[in-house]
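In the two complexes that follow, subunit A is the common piece, with subunit B as its partner first and subunit C second.
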Partner chain A sequence: MSSAAAQRPNGLALFILPSALLFALFFFLPIGLMALMSVLTGNPVVAPKVAFTTRHYARMVDDPFYLEVIWTTIRIGLVTTLVALAIGYPLAHWMARIKSRTGHALLLMAVLAPMLTGIVVRTFAWMTLLSDKGVVNQTLMSLGVIGQPLKLMYTETGIVVGLVHIYVPFMVLTLTGVIGRIDERLEQAAENLGASPLRAFLEVTLPLSLPGILAGSLLVFALAISAYVTPILLGGFQIMTLPILIYQQISANFNVGFAAALGIVLLMISLGLVVAYNRALGLVSGQRELQ
Partner chain B sequence: MMKAQGSSRLSRRRFLTASASLGIGTIAAPYVARADDPTLRITGWGGKWGEIMKAEIGPAFESEFKCKLQIDSAFPYLPKLQASSRSAPIYDVLHTNSNEQWAAAEMGLVEPKIDPRLVPNLADVYPYAVSDKIVGVSIFTSAIGLGLRTDKGYGSITSWKELWDAKYNGVRGGYVIPVNSLGQAFLMMCGTLFGKGQTDLDAAYTALEKLKPIKIVDFTGAMEKMLLSGEVGLCVIHDSGIYRYDGQNQPTDFVSPSEGVLSLEQVLTITPGSKMKELANAYVNYMLRPEVQKRLAETVWYSPANKKVKLDAKYDAKLLTTPEKVSKLIQVDWKWYNERKDEIDQRVNRIFRA
Partner chain C sequence: MQTTASHSPSLAAARQAAPARTAGSVRHYGRYLYLAVNIAILIFLLAPIAIVVVFALNPTPFIQFPPVGVSLRWFEKFFASRDFMHALGFSLEVAVLTTIAATILGASAALALARGNLPGARLIVATMLSPLMLPAILTGLALFQTYVLLDVGRPTWGLVAGHTLVTLPYVVRTTLAVLHNFDTRLEEAAQNLGASPLRTFFEVTLPLIKPGVLAGAIFAFIVSFDQFPVSLFLVSPGNETLPVTLFNYLKFDLDGTIGAASVVSIVLAFVVVIGLDRTVGLRSYVKL
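Now for the complex of A and B:
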């Protein structure tokens, strides 16, 4: 009877079908096509003679400019993630441990409020603050602190500022859930045994919140390296990242194959990170492999 | 008797059914009525151009030729055309700048020339509009020169070379060359100004290097806003980008440098796979009509390609409306440029990297 029951299809499994189809159609198929286009000489749908090639990838390796663009993208992603973590962790800790329901609600609203505005609007808001004629420079100049506008925009720092503002809520929300599940009595026990609050935090809370740190960092990094609007507006086109280069290849050079190869590289960076995350999480939780 | 009585009474179900049918009918009526109308799919700009096309020029064409005009103003157009089938292209008529038209022609996505027998108004256009530097036909052009803030005491400007003056450091404006026609045309101008001619890329690169620090943008609309806000004091821009603020007392002016102005053409081409060839040619001919040209020119400040257009004095004074004025236009060899675009892009991306 048990084997018959095991062979009988589970009715609930049918509920997975729509999402499975959705994933297959709008996730796996486009990525598969992108991978295919990256190794073809042209579009087989419209071009008569199309052959396999590695020239798009060879171009990336041959020209150090593209490697520099990849490194710039990763660097901006890493710095954004670290800054978002530095800002987000204390806030998430506070949110997770605050006793007042009203206080928690207010903090949650404060974190979520920026997400109610579009990324473009938020980036333009930063432009009004950071540009040469922006609020910061004009205020400092009117106070006589500076004679010439500070170069706040069109730099990697400007991009990181904009990205951190946009992605901090993702870090905070991820961390709050994890920190909230850590039993406070563990910290209290450490303190009762003579540990200072800082040592109790460093040796108890911080290690236990590592899964949240890793998940939040992964999320913010993946979003930051694939960001387009903020780097293009706050970087003033002078900081080249992979998404900008991909758009340029499609919209102005009409080189879909090379754009696809760049897209695959971006995807590989993200996938590499996910694998590293899983391994790190496995080590943290004392498992060799995550099931 | 009961049955007869029941059938004549308006029940709730009948009322709802009738209301729903009436509602659906009302909403669908215009679409059903026009279902048989042929549809011409074209591209076009947004902003003032899009507004007047939607409000006046487009409906007048639809009414005269008993068709529907479907305008795509979501840039970029060429990748969409590139992705669509050659035998059933996404557009019948492609309207974009000359550099992209050349790329489209090279890929076989548009027909390189317009047949003058099918577009009679072609006989009335200035030579530049159908020159060997043009794929299809240029229906309008703008002059690319310099945009200046008049309230900063910069003095009068007569030459392109003044853009390199150190006093404009921090307020100099240019374009993302890989994606912007004005930027690409300006690069060629740099070759002329500092080298042996348009194709002297080494001279152009050296000149661009010396332009730094420079604020760069992707679209002319963004440059207009930078100039209006004072973020930029002197920049490369087309005349329409300055003149369209006429009457608003903006402290900006357009400078036509003595070395000549570059031509920014608005070009129409027809796709080879279009099933609406007759209508497509009719549309190109319509857009070259003097009255259509006049209306559009006086709305968006583009110089008309048709020699017979008589603009009002205000527009005539500023736009390129005579053979003498038109002779100042410098056309870029886009075929040559596109063949080297990848190499140029890689170089200028490096030059302007922060």
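Now for the complex of A and C:
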């Protein structure tokens, strides 16, 4: 910090105001209103008599369908996170340890390319791969491996595959930073003392990268449970998740109050994850002050 | 024993290690397995993008594999479609407005956070980055409800405000990264030499933080251009962004037009990213 002596805000502090205003008007106010709407019987602007109610939340608890939706959302999030970790770790490790600059740049491009492709486009790509007449089924059938097309789309598996593809770059980028900071000489020391590369990895690198695993997993989980496009297109409107249900309540049922209550549930899950993520990041980079 | 480079299981190391047979073949198999797994993962990451290009060029009006030929008919259909062209134009408009707003707000916020001696700066940074972690669909829902309650309709500025909220964190982060890395004595020196704070800002601080601000701006543009969940709630029928139009099209049709539209947006994103890499360098800004 520039002048540690003067801890009072200076003139530059005023530059925070426009962003503060944006957040107040377009973030805190709307989320506050959403919380309010979730405990009201109707829209206070158009409806004449509006009272407080807990019925939106009661509906969620009473009807097993909604609990099932919440559980499906969390289940898809968990499986996506685990698979993204299993796929992301080797790639992150390679990226962190590769010596050649060009190699690193190419790997980085390969990881960033899917990120820059847009969720709708990537979901379309998986539809062309996984549908009954898609690439995977056509290839397997022409090779004679299967006689009937496999049901890959409109299943949870299909959704997970699509979500993993979309969110694994976040896992890789989080892990690469952490693995890159682990001193390579620790692994070398373990190997010089007779450990196999595998054992050196399992007993040295893996435990030291645990904070990154935690941070990456929380990030991917938070993103996966709030996904909308991929579950709806790859699930073919047959598998219901929380974001799909929320949008349906708004667009088809016009039930703003119930949508708000569902939103608050999703918000609570996410807030819990944000707190955990910040803790994990704190573990990752105790030395950095801001961000 | 191999002692140096071979401990790092990288491509280069594997190549160096290859002639040294004494270390035992198990170790080599391990390294080949490591490479094989990683190459499989890269294929998983990149194949879907390649497939999109294949379908954009394949002339049949339904998904067919292997492709039967090469044609540009889907590109013609895409560029001839009034809906798609309108959506593309609207997306670009929203992305440009969002980039301007997010860059100005984000860069000034970062400046205040790094130089303003603000109390609770850590908490403010965490708050400003929170739209990255909170489900964007919630931001869309909450803004939608607010606009309904305030009876403002679905104006373009409302959409831009939503996009600015979710792109601001990128600008704040890249600008903060630069601000933390440069020597504040440069600013002090300018002031000691008689420059006013304003002149110091424009002649010293701004040129130095420019790469970070620029990187953030480009991220903001790409994120806004591809943004879906916030737009889903805030666009009005007939005035939709490209991702929303693509999504609505995908619900009913699965022909090559989507592929062509995808290729156009991929190319656009890549042009922007290559521009980013050429001007400021990617590597230092993508750390999460």
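Simple rule for what comes next: the second predicted complex is superposed on the first by the 261 of 291 C-alpha atoms of A that agree within 3 Å, B and C clash if a C-alpha of one lies under 4 Å from a C-alpha of the other, contacts with A are read in each partner's own complex, and residues count from 1 in each chain.
In this text, contacts are C-beta pairs under 8 Å (C-beta built on N, C-alpha and C of every residue); 3 or more make two chains touch, one makes a residue touch a chain.
The structure displayed is predicted, hence computed values, not measured ones.
S.K.: Check whether A:V50 is in contact with subunit B, with subunit C, with both or with neither, and answer first, second, both or neither.
M.R.: After superposing on A, A:V50 lies clear of both subunit B and subunit C.
S.K.: What is the contact status of A:Y154 with respect to subunit B (first) and subunit C (second): first, second, both, or neither?
M.R.: The answer is first: A:Y154 touches subunit B but not subunit C.
S.K.: Under the stated touch criterion, which partner chain does A:S270 make contact with: subunit B (first), subunit C (second), both, or neither?
M.R.: Touch partner of A:S270: subunit C, not subunit B.
S.K.: Between subunit B (first) and subunit C (second), which, if any, makes contact with A:G235: first, second, both or neither?
M.R.: Touch partner of A:G235: subunit B, not subunit C.
S.K.: Now for A:L82: first (subunit B), second (subunit C), both, or neither, which partner does it touch?
M.R.: In the superposed model, A:L82 contacts neither subunit B nor subunit C.
S.K.: Going by the contact rule stated at the top, is it subunit B or subunit C that touches a larger number of residues on subunit A?
M.R.: Looking at subunit A, the partner in contact with more of its residues is C.
S.K.: Using the touch definition from the top, say if A:L206 reaches subunit B (first), subunit C (second), both or neither.
M.R.: After superposing on A, A:L206 lies clear of both subunit B and subunit C.
S.K.: Could you say whether A:A110 touches subunit B, subunit C, both of them, or neither, answering first, second, both or neither?
M.R.: After superposition on chain A, A:A110 lies in contact with subunit C alone.
S.K.: So in the superposed three-chain picture, is A:A195 touching just subunit B, just subunit C, both, or none of them (first/second/both/neither)?
M.R.: Neither partner.
S.K.: Between subunit B and subunit C, whom does A:F65 touch in the aligned arrangement: first, second, both, or neither?
M.R.: first
S.K.: Once the two structures are superposed, pull the subunit A residues common to the subunit B and subunit C interfaces.
M.R.: 43, 45, 131, 133, 250, 256
S.K.: Under the definition above, what is the set of subunit A residues touching subunit B in their complex?
M.R.: Its residues touching subunit B are 43, 45-46, 63, 65, 131-133, 148-149, 154-156, 232, 235-240, 248, 250-256.
S.K.: What part of subunit A is in contact with subunit C in the complex they form?
M.R.: That would be residues 1-3, 6-16, 18-19, 22-23, 25-27, 29-31, 33-34, 37, 43-45, 87, 90-91, 93-94, 97-100, 103-105, 107-108, 110-114, 116-129, 131, 133-135, 138-139, 165, 168-170, 173-174, 177, 184, 187-188, 191-192, 196-198, 219, 222, 225-226, 228-229, 233, 243, 246-247, 250, 256, 259-260, 263, 266-267, 270-271, 273-274, 277-278, 289-291 of subunit A.
S.K.: Over in the complex, which subunit C residues touch subunit A? Could you list them?
M.R.: Of all residues in subunit C, those touching subunit A are 1, 3, 5, 7-13, 27, 30, 34, 37-38, 41-42, 44-49, 51-52, 55, 62-66, 104-106, 108-109, 111-119, 121-122, 124-131, 133-139, 141-146, 148-149, 151, 161-162, 164-165, 168, 172-173, 176-177, 180, 184, 187-188, 197, 222, 225-226, 228-229, 232-233, 243, 246-247, 250-251, 254, 258-259, 261-262, 265-266, 269-270, 273, 282-283, 286-288.
S.K.: Which residues of subunit B touch subunit A once you look at their complex with the stated criterion?
M.R.: Spelled out, the residues of subunit B in touch with subunit A are 75-76, 78-79, 82-86, 103, 107, 170, 176, 178-179, 215-218, 229-231, 341-342, 345-346, 349-350, 352-354.
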